[in-house]
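Here's a structure for you.
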Amino acid sequence: MGAITGADFIRRLNQLDTEIWLDGKKVEGEISEHPAFKGILQTKASLYDMQHDPEIKEEMTFHSAELGEAVGISFLQPKTKEDLIKRRKASEHWARRTGGLLGRSPDYLNTALMSFASSSPLLKGRTNCFPENIQSLYEKAMKEDLSFTHSFVSPQVNRSDSYLESSEEEPIVARIVDRNEEGIIIKGARLLATQGGLTDEVLVISTPKFLLDENEAFAFSIPSDTKGLKFICRESFVGGDSLFNHPLSSRYEEMDTILVFDNVLVPWNRVFYYDNAIVAADFSFQSSFHNFTTHQVVTRQIVKSEFILGLAELLVQTINVSEYQHIQDKLSEIIIGLETMKALLEKSENDAAIDEWGVMRPDIVPLKVANNIFPKIYPRFTEIIQLIGASGMVSLPTEDAFSSPIRADLDQYLQAATKNAEGRVKIFRLAWDLTMSSFGTRQTQYERYFFGDPVRLSGRLYKAYPLDDFVKEVSDFLDLERGE
Amino acid sequence: MGAITGADFIRRLNQLDTEIWLDGKKVEGEISEHPAFKGILQTKASLYDMQHDPEIKEEMTFHSAELGEAVGISFLQPKTKEDLIKRRKASEHWARRTGGLLGRSPDYLNTALMSFASSSPLLKGRTNCFPENIQSLYEKAMKEDLSFTHSFVSPQVNRSDSYLESSEEEPIVARIVDRNEEGIIIKGARLLATQGGLTDEVLVISTPKFLLDENEAFAFSIPSDTKGLKFICRESFVGGDSLFNHPLSSRYEEMDTILVFDNVLVPWNRVFYYDNAIVAADFSFQSSFHNFTTHQVVTRQIVKSEFILGLAELLVQTINVSEYQHIQDKLSEIIIGLETMKALLEKSENDAAIDEWGVMRPDIVPLKVANNIFPKIYPRFTEIIQLIGASGMVSLPTEDAFSSPIRADLDQYLQAATKNAEGRVKIFRLAWDLTMSSFGTRQTQYERYFFGDPVRLSGRLYKAYPLDDFVKEVSDFLDLERGE
Amino acid sequence: MGAITGADFIRRLNQLDTEIWLDGKKVEGEISEHPAFKGILQTKASLYDMQHDPEIKEEMTFHSAELGEAVGISFLQPKTKEDLIKRRKASEHWARRTGGLLGRSPDYLNTALMSFASSSPLLKGRTNCFPENIQSLYEKAMKEDLSFTHSFVSPQVNRSDSYLESSEEEPIVARIVDRNEEGIIIKGARLLATQGGLTDEVLVISTPKFLLDENEAFAFSIPSDTKGLKFICRESFVGGDSLFNHPLSSRYEEMDTILVFDNVLVPWNRVFYYDNAIVAADFSFQSSFHNFTTHQVVTRQIVKSEFILGLAELLVQTINVSEYQHIQDKLSEIIIGLETMKALLEKSENDAAIDEWGVMRPDIVPLKVANNIFPKIYPRFTEIIQLIGASGMVSLPTEDAFSSPIRADLDQYLQAATKNAEGRVKIFRLAWDLTMSSFGTRQTQYERYFFGDPVRLSGRLYKAYPLDDFVKEVSDFLDLERGE
Amino acid sequence: MGAITGADFIRRLNQLDTEIWLDGKKVEGEISEHPAFKGILQTKASLYDMQHDPEIKEEMTFHSAELGEAVGISFLQPKTKEDLIKRRKASEHWARRTGGLLGRSPDYLNTALMSFASSSPLLKGRTNCFPENIQSLYEKAMKEDLSFTHSFVSPQVNRSDSYLESSEEEPIVARIVDRNEEGIIIKGARLLATQGGLTDEVLVISTPKFLLDENEAFAFSIPSDTKGLKFICRESFVGGDSLFNHPLSSRYEEMDTILVFDNVLVPWNRVFYYDNAIVAADFSFQSSFHNFTTHQVVTRQIVKSEFILGLAELLVQTINVSEYQHIQDKLSEIIIGLETMKALLEKSENDAAIDEWGVMRPDIVPLKVANNIFPKIYPRFTEIIQLIGASGMVSLPTEDAFSSPIRADLDQYLQAATKNAEGRVKIFRLAWDLTMSSFGTRQTQYERYFFGDPVRLSGRLYKAYPLDDFVKEVSDFLDLERGE
């Protein structure tokens, strides 16, 4: 089959019998018609359709010799820098369609799976490891254009450094509670599966906090409607159907869920590894996972920054404030952030190198730097939008007001320097939905925590960065002898 | 009558025939039952009831010899520092009841009116001025415990410094289009009347951008249901009735409105002054208006800061993160902000002085400093709340989920170090409603712009600050002679 | 004798045979004539002379009934708020004379000694404690107007949290190595005695890092020329004698020294306590030491901020840049910092209270807040001075150039909007000496670390701040029941 | 001749009869022996010697077919990206030798001259323009390996936007006061010629503030010892000869000078253009000057950042503080800054393009972004060094102390976790000289203002940045029709 269409995607999803809970109710009926999900599913469908758009089909897919079919490029294992750039361009296409606002467009986890497959030889011959299961899932995913959600975070009962969940008690953090002939049994919860229940499969990778918790060390993928698996949704942030009122949440609200494993059986042929904490750590740090997913993420964040820059300038033009030095300063701050991200992404491609399994990995250092920067500049970008919009952000009428008896008042009193009232309100509502609606603030929090606790990101960068040459240079400059 | 009860307030408001437009529909029926307004009106009613609460009645009201009745303290013209502190304490009571979240609790505009009356002699004998109308409205307001909204901002068609609306065209900015025997006729719009339509009266003060626009120089107060006056609402940010789900927006959503004057007649006995731009400027800068309203606002902002500090610490305890140095740093940032605001308010009281009309004015300098500080620290406070809550802010279930079949899952997987799941979710939902819901972000924008464009606030502080002594001291130190 | 004159001070200091090492040489001859010390000693002498200036004598001294003489006010134990304000005014006088640039004007350690004497009852009856020695030194100090330096910091061999110096080895951190009939013997070093060797006495207070190091727990005062005591100076930052070229370092360079104790005998009558780590900790946290010294320090920092504000405005006027919004913003930043410090100091006086020994202590909370603020704003103030001066800070000619053949060129090409060339250069050189000379940057580092590691200051503030009421208020708001 | 040696450079400079004024005295005798200049001249000589170092000669020079000689690479007009990278590598060599601390290593102005020559066709056929003079100077410079200083800044009598110097008065800003058969006559001053008097030639480019001041529009180069040309030095920041005490100022103090033109005759064959304000503006904005000089500057700043990172880590290791999260955060801040600058430089090379005169120009956008970033991060880097060094920065003994009787004390009490006392003091003195000595703070100010007023840099970036595509994308997203 290979690359699917939007209709394929919707059809398959509607056929799954996934257990999703929203606001105390189990979701019933066709999921693609549910008010909380229809917008995001239509948006995702439109991305799949781009794989068949004659104009860009060549850029969105590659011909798989094995499958004899066109396959989405995010599944491509790159062997050259050109492949890498191809991957990036396809991600840009999907990101552009959505203003970079879809944190989990399908390429994100397709990329993750591709990287797992690429690095699966790392598991060869090690205890409780099944690299062949990764490979076969990867092939199945390409063939069927499967979509995934995933979860990497454990519930945070207690964030103290010294806290340790006892394995005697009823599990909170998902762990292996049994192993039998059919597979491993998982009980407990995992946090923050974005688009949970809205994909074919759930990918779960777990690295225990302490090496001794072997039963928290596992990785697998299972269908979303596996028995005992529940998705518990937060409140929906869809503001309504009106594109005028809620131009973003009506289309891009992805939903976040808590994953509950109620003694879920993961069959052996779906297990990547289990009960091996060393392998779990190795797979996290030595596989190409971080390289490739970060490459995709940074690509998307750049497109999102461009979208914000365009919006900021549109606001500036609308109310005619480009002459103010502080406004110029704010716009240039976005430009500087954007260009910095672009330069870092490009450097990661320039410095890409073939890894031991023949795959062209983007260099991790500039990507890590980008990961330290974006969680700080994105919230600042949203603040800049708010500072440009100023008090204009808090008195925005709705679509229906424009088709009511007071339209003439709105037309007269809300007109702007370069736009009529309706245009101005559209622009300001977009600014509001991006930065001040419940949808928008969740986006901000999402970008802030995408790569984990920002406080720790900088420590990780420092610890991994090669400093010896620089220290030596200064030591030589000072003629420091041994012991000095 | 004097100080009213909540029931009095609601009854009177329901009797008004105010023209309010929300989402393209004219609001009909009892306003106190409307989903968008009932929460805030009940909250305001509860404040009025405090005036009759035996425990604090003495602190909320004073006995007016003229009226022979107890009157709300925010109407009190202070003659001593003790009076000033009395005023502050009463405002603290109202602010504490609402976490400081009610930007327009009744004391705010009562205070404004009191300051106008106190400074009304400034208008004596000047062209087109009616100080007696201020005085008589002040007396009526005390007698009936009237509530007010107001508007100080003009529509922002074009924020360029050089933009000037031509007076030939159809007005956008509200201005006087006619004067006749009955009064002045106003046409045009004013922005951002918070609680517009939810008060007895509308107070309008206008100072033209350029001195020549005499027809933009006026001040008056009229009943909310005056003919031709329309309130156009933005989208309501009430999230719903559930206190669990939306602990703040369900109670404190004040609504912002655009005021439209459709050839509104302001009768002469309600006009304070008109067609006198010099007086408009003088009244703005020489009356005690800024001193007293800022005193009230800073009092409220301090209580709000305390509420945020309490919430921040509750979050810290809930997930047990007080050991982290960066968390300590964030909490101390809130403490520093709070203590700074408190010290400045206290200094404004210590340095208070009797003005030429016998009124004890709080000193403006420390208050202006506070006005420069709060619009910067409040957004930072909300960011700190988000940074403590971290990814825990984005997967919060609703009240109904806790009374559904998945309650056991929630109880197990969302428990926290020191709270059960329900308590933890309540606390996090409060943090979310305060900083991330549409209600919360509007609060942030509101505090940011309360005193006008923050970029200009610093310029105003600098220009008004007495620097000569300091310059002289340094010049003397350097033995600078004349001309040097 | 009581309050001395400048001549008294200089004469006594020249008679001491203190061992001071500067740039590898032992300082010989009259110390008041030494190029590195004469400026600061003349400055200190001028402060003592103010005690006899008829115009302010009453504000600088109080009549001691016991001594029958006028005594410097910094020795006064305040019993009332008026006393406290008297103390503050005297400190302001001294600070004004020196632009707040003298970190260790005599009042600083006079105040410390006064607070020790006031709190000495804390030591009564406890092991190895001699409160009577504190009292007698305090009386002697008042009678002779003794001057002090002190040291609170240990050498930083290794700043790792887990590092512990073994007591087996040759001491690095000063500790008690013997006790005999005559007194205790100290060996080791202490860091950063500012004005070391330039005072009559050295006050040493030591609180061990870990409670078990009893031999690091001691307090005493000895004359600067005690046998075995050495002061090792850093490089002198006196730029030269010219007030034109180096208006600050020529007068205010205080010198920092390392104190070396080479088996120094401290006679029993000079020991306050020893070998008692609990008492050392108690004396640090329960005495009024922090209250009173911080009160003096904040007073000085406020005067310094005024000096900086005056200089900033003088720069602005000189090159005529007050119209720029970013300049206004920078000046207002200094104003905000200054007013905040003033409000906090005033609050500490308003909230002062009598302690258990009858002394009126300024409240510590606002002072602690000020201690968290100043180390951040002072470096920013210096940056603002640099940003106003801009490239004008790096091409400043010297005094001699103005009396050379090129004077006409300087007069023509360095003239400013409101000053002639000489005046302009004087002003810019002051700005440079304050923020960019080696003297100036040492001042910045000094203010940054005055109260210890800024990273820990915020932690200390948080841990000591009463938060329970605020937490309770929010808990009540949420109706959190027990366990929730 | 081509690339010279250090000895050639010194010999030629000593032969010039340049008029330099320092501290009111005219500099006499061999300039290479003068205490204020010998360090920097030896350093520059060492750079020239690198052109003949067999190991890197190939990287430092290229063979000029025209001259038949090896010429310094900074004179090379790049035709390919490889040429560009060659240029960068040679600059890196020179920068590495000096820790990036030499703001005006010879390649900076060699590059400027090369860019002028490359863009000289821009002047062809325009009024008062002599492109052939640029070309012949460029050839002469290559042949003789001439060194240059320059000046781009006018004296700042009055920085108000509206200030205009009258051309009636005695000139302050250097301008053309006469034109005669021999050339143009310049009178007035120019600011901030770094290394003024320490180079063979002075390059002067002037763009008037207002287009009408044609007599301020000129460009030329003349020998440093031209009659009537004076260099007025600021105070020297050489701390002394000891490399131990002043490891940087003893070698790298470049001196800044005011250039005074006392009716200086610039012969016609040295004039590039004059009396043509349009050409002056065009040459500034359309030539490759900014592209190439910024490329060199950013290269140097990257090396300087590496030097700072090495020093920061050396400090961290010395006192063993790498475990602290705030220290990790600070180091990572330097890493992020460094990697960002590297990525931007690389992007400018990747996106380089051939200009209309056949020269491969690095792309200006990423370089401009770097220009906006470095003036902010460099001061922060120096602050980080100070924050790591903490109080250890203010008690540093000198070299002579280590060869005095107190050496044993220093060895014992100043030892560090991983270094002996001497090593530790060397490292801290380097940190001090880089960030706190008069030399160091001048470096900070220099980097801050290298590209002009930072407040205007952001405005320039914004105004030149192509925003239309981004605005269009958002407009399309909103379906904004014309007029909306």
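Which chain is which? They are A, B, C and D, in the order written, and residues in each are numbered from 1.
By definition in this document, contacts are C-beta pairs under 8 Å (C-beta built on N, C-alpha and C of every residue); 3 or more make two chains touch, one makes a residue touch a chain.
Fair warning: this is a prediction, and the values are worked out from it, not measured in the lab.
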Chain D and chain A - chains in contact with each: B, C
Chain A and chain B, separation of their C-alpha mean positions in angstrom: 40
Centroid spacing, where centroids are CA-atom means, of chain B and chain D in whole angstrom: 53
Residues of chain D engaged with two or more neighbouring chains: 325-326, 455
Category of the chain touch graph - line, ring, star, complete, other: complete
Chain C-facing residues of chain D, complex: 21, 23-26, 153, 155-161, 163, 170, 172, 188-189, 191-192, 230, 232-235, 245, 256-258, 260, 262, 319-321, 323-324, 326, 379, 383, 386-387, 390-406, 409-410, 412-417, 435-438, 440-442, 445-446, 448-449, 453, 455
Chain A-touching residues of chain C, taken from the complex the two chains share: 325-326
Chain A residues touching chain D - in the complex, by the definition given at the top: 96, 99, 247, 306-307, 309-311, 313-314, 317, 325, 328-329, 331-333, 335-336, 339-340, 342-344, 346-347, 350, 365-366, 369, 372-373, 419-420, 422-423, 426-427, 430, 455, 458-459, 461-463, 465, 467, 469-475, 477-478, 480-481, 483-484
